[in-house]
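The next block holds one structure in the form of structure tokens; read it before the comments.
Letters A, B, C, D, E and F mark the chains in the order given here, with residues in each chain numbered from 1 onward.
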Amino acid sequence: MMSRLGFPQPYLSLTLFLVWQLLSDGISGGSVVLGAVLAWLIPQITRGFWPQRPAFIKPWHLPGYLLRVLLDIVSASVTVSVLILRAREPRSAFISYPLQLEHPLAITILASTISLTPGTVSADVSDDNKTLLIHALDTDDEQAVIDEIHRRYEKPLLEMFQ
Amino acid sequence: MNHWLIAPILIPLLGGIVQVFIGYAPISLRRTLAMITTVLLLASTIVLTVLASDDSYRVYAFGNWQPPFGIVLVLDRLAALMLLVTAVLAFFCHLYSIHRADEGSRQFHALFLFQLMGLNIAFLTGDLFNLFVAFEVLLIASYGLLMHGGGTVRTVPGLHYVVLNLAGSALFLISVGMIYSVTGTLNMADLAVKVAQVRGDDVFLVQAGGMMLLVVFALKAAVLPLCFWLPKAYASATAPVAALFAIMTKVGIYAILRVYTLIFGASAGPLANLGMDWLFPIALVTLAMGVIGALGAEKLRTLIAWQVIISVGTLLAAIGLGSEEGTSAALFYLINTTWIVGGLFLVADMVARQRGSAADGIVTAPRMHNRTFLSVLFLLGSVAAAGLPPLSGFFAKLLILKAATPGLAMAWLWGVLLVGSFVTVIAYSRAGSIVFWRNVSGHIAETEKLTLPITVAAGSLIGLSVVIVLLAGPISAFTDATAAQLHDADAYIQILQTPMVGGKES
Amino acid sequence: MSAVAEYTIAVLLLVGGFFTLVGAIGLARLPDFFTRLHGPTKATTLGVGAVMLSSVVFFSSRGEGVGVVEILITVFLFLTAPVSANILAKAAMHIGVGTTGQTRGKPWDQ
Amino acid sequence: MTLPLVVLLPFIGAMFAPLFVQAGRTAIAIAASVPALIALAALYPHWQTLADGGVLVQTYQWLPALGISFSLRLDGLSLLFALLILIIGLLIIVYARYYLKAKENVGKFYSLLLCFKGAMLGIVLSSNLLLMLIFWELTSLVSFLLISFWTHKQDARRGARMALAVTGGGGLALLAGILLIGRIVGSFELDDVLAAGDLIKAHELYPFALTLVLLGAFTKSAQFPFHFWLPHAMQAPTPVSAYLHSATMVKAGVFLMARLYPALAGTEQWFYMVSFTGMATLLLGAYVAMFKHDLKGLLAHSTVSHLGLITLLLGMGTQLAAVAALFHVINHATFKASLFMAAGIIDHETGTRDMRRINGLWRFMPHTATLAMVAASSMAGVPLLNGFLSKEMFFAESLQLNLPGIWAWLPPIVATLAGIFAVAYSARFIHDVFFNGKPVDLPIYPPHEPPRYMKIPVEILVFACIMVGVFPAISVGPLLYAAASATLGGDVPEYHLAVMHGFNLPLMMSFLAFFGGLLMYSQRKRFFDFHARFREVDEKAVFEAVISNLVSKAHRLTARIENGSLQRYAMLLVVSAMAVSLVPLVNLGIAIGDNGLSPVDWPTAVAAAVLMVCALATALMHRERFFALVLLSVVGLVVALAFVRFSAPDLAMTQLSVEVVTIVLLMLALFYMPSWTPLETTTGRRIRDIVISLAAGTGMTLITLAMLTDPFSSISDFFLENSKPGGGGTNVVNVILVDFRGFDTLGEITVLAIAALGIYSMLKNMALTPPPGDGQGHPWTRDAYPVMLRQLARPMLPLALMVSVYIFLRGHNLPGGGFIAGLITSVALILQYIASGMIWTQDRIPFRYHNVIGIGLLFATVAGAGSLAFSYPFLTSTFGYITWPVVGKFEVASAMVFDLGVYLTVIGATLLALVSIGRLSPHSAIKSKKEGA
Amino acid sequence: MELLFALVIGVLVASGVYLLLRARTFPVVVGLTLISYGVNLFLFSTGRLATGSQPILGSAESYSDPLPQALVLTAIVIGFAMTAFVVVLSLRNQADNDDDHVDGRQPEAVTEPESAEVSRQ
Amino acid sequence: MIAIALNITIAMVIIAALLNVYRLIKGPDAPDRVLALDTLNINAIALIILLGITLESRQYIEAGLLIAVMGFVSTVAMAKYLKRGSVIE
């Protein structure tokens, strides 16, 4: 229904509308009208750039996930700070993480999360989207890292994405 | 406010925009619309010339903002003259281009028209920074045109041309900045007022800025030692482009003439006649260099390209005399040399297309298909260019010689100019007799037939020399009046008092 | 401006500055490219986020509205930092930059 | 109208003559005769006036500003020359009818011949010196074309060029001389000039003027040392030689001296320059003529000699000498023209002009031989022929010169010696050609008499020689008197034209010359052997060698200076800018203005240090190109920060957006280029460059320092005041861009558009080989489009568009505007290209960038032109506040439309440029669409 | 502050000029960019240096000179267009001559110890 | 108090920036330099925000936004250049 009205990506349109209200100097008649126009127009123009609809099944899981990630970022930063300021040379390792997620967007979210959270950076996604190469800053136990990532992040994402 | 003043800018702009849209339309449509644009432009410049003949200054204030705050166009005789000379040249170059030269890329006509737009802005603007913008418009279009036509010959000369002009643009901005930093204004008339009031250490700042600006203009005008980019660039450009470029160095000359009579003119206080003592000797050296280059040329187009430098030297020498007579003579010469050199580039191209691999090289080659016609055109063109009677170049040179007053300057000017003419005659006669007469047996399998557009274009530009002779009286009267107007900077300054539409005042 | 706001701002500023500095120290002193990648990706991003937040608090407490642009910048940085890190890591692996001797499991050795 | 008619008719004839080509040679010859016939008829009624010393002047205004009027003057002198030109011209036309072959370009020939005639008539009839000069140079030009008529002959081309160089060059000197005279007298009219002789001769510029005028005359009249062009001009068809070297071209110089005689002659300088030049020429020409085996070469050198004689006469400065000079002009014209024609006939009939092969022609063509022998006798100065009379007068005058001491002997000795040579070469002409055994190996054998009508012109001329020789007073007396009167300003001396003046010293000299000459000819073997010891100098070869040498010298010099080195040209530009500003900058020194220095805060100082370090590092490390790019990015970033720091948010934003596009652009280019710059310049060159750049930097620092500390006020207060009320915006920078100086912006986006179009067309069909790897041994990765990047890039496009709209809309009042918004959109699109590839992205963009550019420019132009409808100037903006239901009050400004044009142009131009480069990449063709999915 | 700013401009121009005088297109383009940074800063500073006085009406107590800012904006855009063109031109030079020497030719190598060669792992 | 915190923060960010410049110049590899540049961009954003707070002006925020956007694109482009050669293909 939304797409027939010219809103091929309703979530995008909604996001655009809301962001526009924030960008404008307070919500007014003008900003609502213009925001609506933009929420309609911009997805129209950029429609071709969204070839597949993101396969969200349970988008309401997202806020909880984001909150967890945010908290992990803070702790990650503290952890990394300690590592950085410590004199010892870190014990780095590359870890191949077997992916269960299949959707590229989901993989991207997982990889981003890994990069922002303690001690790990996503270095590469294999060509077949099956393996994620992770660089761990300071670890002794690769399997522990894999398990931790799977438990904390991939599982919720698997729930969110089909 | 007379809206005719923006016609020479808007016509090519709109014509150029149309060309951008119709890049993939049939070439005949593109040619037709482009030629219509050029004809309209020519018509508008004739109107402006008629308007300017009443010796008044016409101001066009963009956005209806009073000078010195907004940008103004100023039409006076000099501007009108430059516009007309350009439009006439452009018309014939454009006509020539529709024979074949425009086929290399779909953007040719757009670039050509934008080039004209830039030139026309430069001639009309009354604002120093807008002059910079105009220079950039015409330069970027000229870069595109210079590279038009594929092949590898133009790349390196084009690169040199572009890089040097980019450095020149930086210098232009520095100069404008220095002048603005003291005077706080950009309008040329206002600058004339403010520069005359500069005192103290500020004088040095403006002086340095003004001198650097002179270097910028000298680069555009191709004055020694800043002229070496020109011969190869012009000689390698596509014919109608090279021909159109005959006006490009004149933009530098125009700018020198405008800025250094108005802003740094006789009444500019401590900065009066800035740089003029440099101009004259450098002009003579440029002239001499041009002559040497012409003599040593190995191709017709190189020879003509050096003729451009000879022209520049001659023009600046006349301007460097600093008198009204000198300026008037220079303007007369400018008309002649612009058209003739343009025509010669076209002739050289026609020659090159009939000589197979020898092209326009000054070497023996099989006989041309249209040898008589081309040789007559070349003869007339070189007579006019070298300044021999009875064509226009002679009258121009005569005016310049007469403009000198007895003294050392006259001795130098006469000596260099006359000896230069002598060597030029030798160069042209040598080149012409080898190219046209020294034939080997055999023939070029596929020579290009002369078509009506190129014949008319080249013939007319060269033939204009005769027209100039026939109209020498009125033309010299016009240039006299132009020079008189130009040397009366106080009259120009009055444009600051122009009322705006609807009585809008500052 | 309330005292709470002032304290919040000051703390956020200092936290932001601290993490920014730590990120840079990491970049400067960690032994190889991949270890250096960690500092900016996490600490610096967070540090700038904190500074942004202080700005949001600062201007909103002055009654100049919520700084949406600051938030936009922060979100943007959080979204892009992992991607930047990812493609830089890919580039580094491609080139085969040196790693510390202790690094295990270098994929390009295999 | 008579005189203009006389001058212009030949030119008109020249235009029409080629039309008769189809009708045959006779028709064209008749047509070509018409102008001269009309001219003669037109002149006839004025005879009586002129004979009485009258003058006919007809003046038409032409270019008063230049001092040129179309003023013509007919007096005795000009009549004399005009008649020679017209009558001999007519004979030449008839002669040429038979001389030229049917297949030759007869139209061109007659056309040029008529042009030449017109130009000569112009010279002799001009009453304005500048007008005369125009015709003067015209004769040089036309003679160039006539001499090179047989363009396929190298000698003809060379001879023509030499003639043009010498006579044309002399013409330039003459021009200078005339201008000096004009400056002294204040007029170029002959009447004024001739009347101002004393003024001229007393003027300090007189020596210069005289020298320059004489240079013109001497070159034209082939006087030593400019004589060398004349013999080589013989490469022309014989009718041309006969015409140019008897009656016309070479006589122009003589005419000039005669014409300006009252104005310039009579001074010591005149005497020494003219008479000594004449003497040298006289002797040299006569001597060389003796040894020429070429029939026409002999005649040519004889011409040189006779011109020297006339010049010497004019140089003597006595009135009688002047009369003799004029007389000899007539005589020489007649006998020389007939001799040339005869030589042409011989050439025509035998196929050669080499006297070593031509012998005994008397048997084959007795009629022609008779004519030639009479003419040659006249040339030798045999009594009862006209040559004798003027030569006698010459001998007489040579005795009258008041040279000091032993020098007084010089002229008569030279005259006699030249006479001896003249007799000798005339005898040779007669004996060696018509007698002297049998012909040797003639190309055409046996020779015949030429067609009957070909001889008529010769007969007429020979008849004239005899008539004048026998009845001088009756035949040429009046004409000579009129001419002398005109030359000498009416002051004609007593003289007698008679066959015999009694047994006097001149007659003795004549006899001496006659018998001496014959003796010399009889002993010619010895002279030839003597002469053969000297290497024959071929002036043409020398001239050609000199010119070639000059050309190659010029070429080498040019190549050395204009060496195609951008480094040199750029250095010259930088050094020029520094040189011209050196003096003011030295005067300025380290100038701290009245505002003094403000304190530095340390963060700014650190930032500045970073900038300087990175800038210097860019220069130092430039050979590692990618590193240089990174450093350049830092510099750009700090520059943007500087704009923020010093209150220019718009600039900072622009700088940031432009910089990233620039860096992308540079990397696109760097892909195809070496990633390292080789070390090519010498240490010395680098040190030089470092010195230059340090000087440039120091200069800029001094300038900036002085400027920044200088108190200042500008027109900007107006902008600050009027931005809101007049332009409807509070972001003054933006209002300046779209309103106050909107025209600059229009130009600026035009530049952008043109650049993109130029780039697009330049990249068409360009073949570039990309390197297989990065130059450090790494082949390019196959993974072109990383998944994370793709996933992130796509949602960023709509967000970026919205940010663009935001930045665009606020631009009029807050930092932002169409340009920055356009760049944000562009960069967002570029990101799509980077992340997902060319093909994928291009598929999703439904428009051509050309059209975006066009629409952008059109919006900007139309927005500006809207005001024209209300007769306000272009780009006059208007704005208003509109209140709509729901929406509320908002501002509408025409400047917004203008800014929208800017926005679109920026997008179109940026992407067209980048995508055009990207399209070069081989991957964009190879990779299939699935890659980017 | 003014001296610092002047030094910055001087260093930018000096570095740029040095690179402008190099023999390869790439450093020349980089040099031109550096020069234009210097020139833009210079032109900008002709309105003199001011802190926190952006010419946005109502946002500050005093306003810096807006005109030079507008001029620099124009100059930046034009400079960008020109740089783009010269970059593509140098590409064409590379394509035509298979080298990026500014004169389209390979001059004889300078025989001197390559001490300045930056080593690379 | 804010002023003191501000000064300390500015000092820390500036030192951070200097460390980044150090890494940028030292390298040793191109990715290090790009990483340092990317980080420097983020420092620059922080500096702009801090300047805004110092001057109590929000006019500069958008410049920060642009650094974020443009910095990201340039990092991406540089990284792509390093491993792929052609940035747009």
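By our rule, a residue touches a chain if its C-beta (ideal position, glycine included) is under 8 Å from a C-beta of that chain, and two chains touch if they have at least 3 such contacts.
Chain labels with UniProt names: A = Na+/H+ antiporter subunit E; B = Monovalent cation/H+ antiporter subunit D; C = Na+/H+ antiporter subunit G; D = Monovalent cation/H+ antiporter subunit A; E = Na+/H+ antiporter subunit C; F = K+/H+ antiporter subunit F.
What you see is a predicted model; the values in this text were computed from it and never measured.
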Problem set entry | Common touching chains of chain F and chain B | D, E
For this session: Grab the C-alpha centre of each chain and report whichever is closest to the global C-alpha centre.
Result: B
For this session: Would you kindly say which chain has the C-alpha centre located farthest from the C-alpha centre of chain C?
Result: D
Exercise. Taking each chain's centre as the mean of its Cα atoms, which chain lies farthest from chain B?
Worked result: A
For this session: Just give me the whole-number Å value for how far the CA centre of chain A lies from that of chain B.
Result: 61
Exercise. Centre to centre, by mean C-alpha position, how many angstrom separate chain C and chain D?
Worked result: 70
Exercise. If you average the CA atoms of chain A and of chain C, how far apart do the two points sit, in angstrom?
Worked result: 16
For this session: Starting from the mean Cα coordinates of chain D and chain E, work out the distance between those two points in Å.
Result: 40
Problem set entry | Sequence positions of chain C contacting 2 or more other chains | 18, 23, 25, 37, 39, 45, 47, 69, 72, 79-80, 82-83, 86-87, 89-90, 94-95, 98
For this session: Can you tell me which residues of chain F touch two or more of the remaining chains?
Result: 10, 17, 28-30, 34, 59, 62, 65, 69, 76, 80, 82-83
Problem set entry | Residues of chain E engaged with two or more neighbouring chains | 20, 25, 28, 40, 42, 46, 51-52, 54, 56, 59-60, 67, 71, 74, 78-79, 81-83, 85, 89-90, 92, 102-103, 121
Exercise. Looking at the whole structure, which two-chain pairs count as touching?
Worked result: A-C, A-D, B-D, B-E, C-D, C-F, D-E, D-F, E-F
Exercise. Can you list the chain D residues touching chain B in their complex?
Worked result: 62-68, 108, 130, 133-138, 140-141, 144-145, 148, 151-152, 154, 157, 160-161, 164-165, 168-169, 171-173, 175-176, 179, 182-183, 205, 547, 550-559, 561-562, 564, 566, 568-570, 572-574, 576-577, 580-581, 583-585, 587-588, 591, 593, 700, 703, 706-707, 710, 712-716, 718-719, 722, 726, 739-744, 747-748, 750-751, 753-755, 757-758, 760-762, 764-765, 850-851, 853-854, 857-858, 861, 865, 867-868, 871-877
Seminar exercise, completed: Per the touch rule, the chain F residues reaching chain C in their complex are 1-2, 4-6, 8-13, 15-17, 19-20, 22-23, 28-32, 34-36, 38-39, 42-43, 45-46, 49-50, 52-53, 56, 58, 61-62, 64-65, 68-69, 72, 75-76, 79-80, 82-83
For this session: Provide the residue numbers of chain D that touch chain F in the complex, in ascending order.
Result: 602-603, 606-607, 610, 613-614, 617, 626-627, 629-631, 633-634, 637, 640-641, 644-645, 649, 652-653, 656-657, 659-660, 663-664, 667-668, 670-671, 770-771, 773-774, 780-781, 783-784, 789, 800, 803, 807, 814-816, 820, 824, 827-828, 830-831, 833-835, 837-838, 914-915, 917-918, 921, 923-924, 927
Seminar exercise, completed: Note: in the complex, chain C contacts chain D through residues 72, 79-80, 82-83, 86-87, 90, 94-96
Exercise. Which residues of chain E touch chain B in their complex?
Worked result: 20, 25, 28, 32, 35-36, 39-40, 42-43, 46, 67-68, 71, 74-75, 78-79, 81-83, 85-86, 89-90, 92-93, 96-97, 102-104
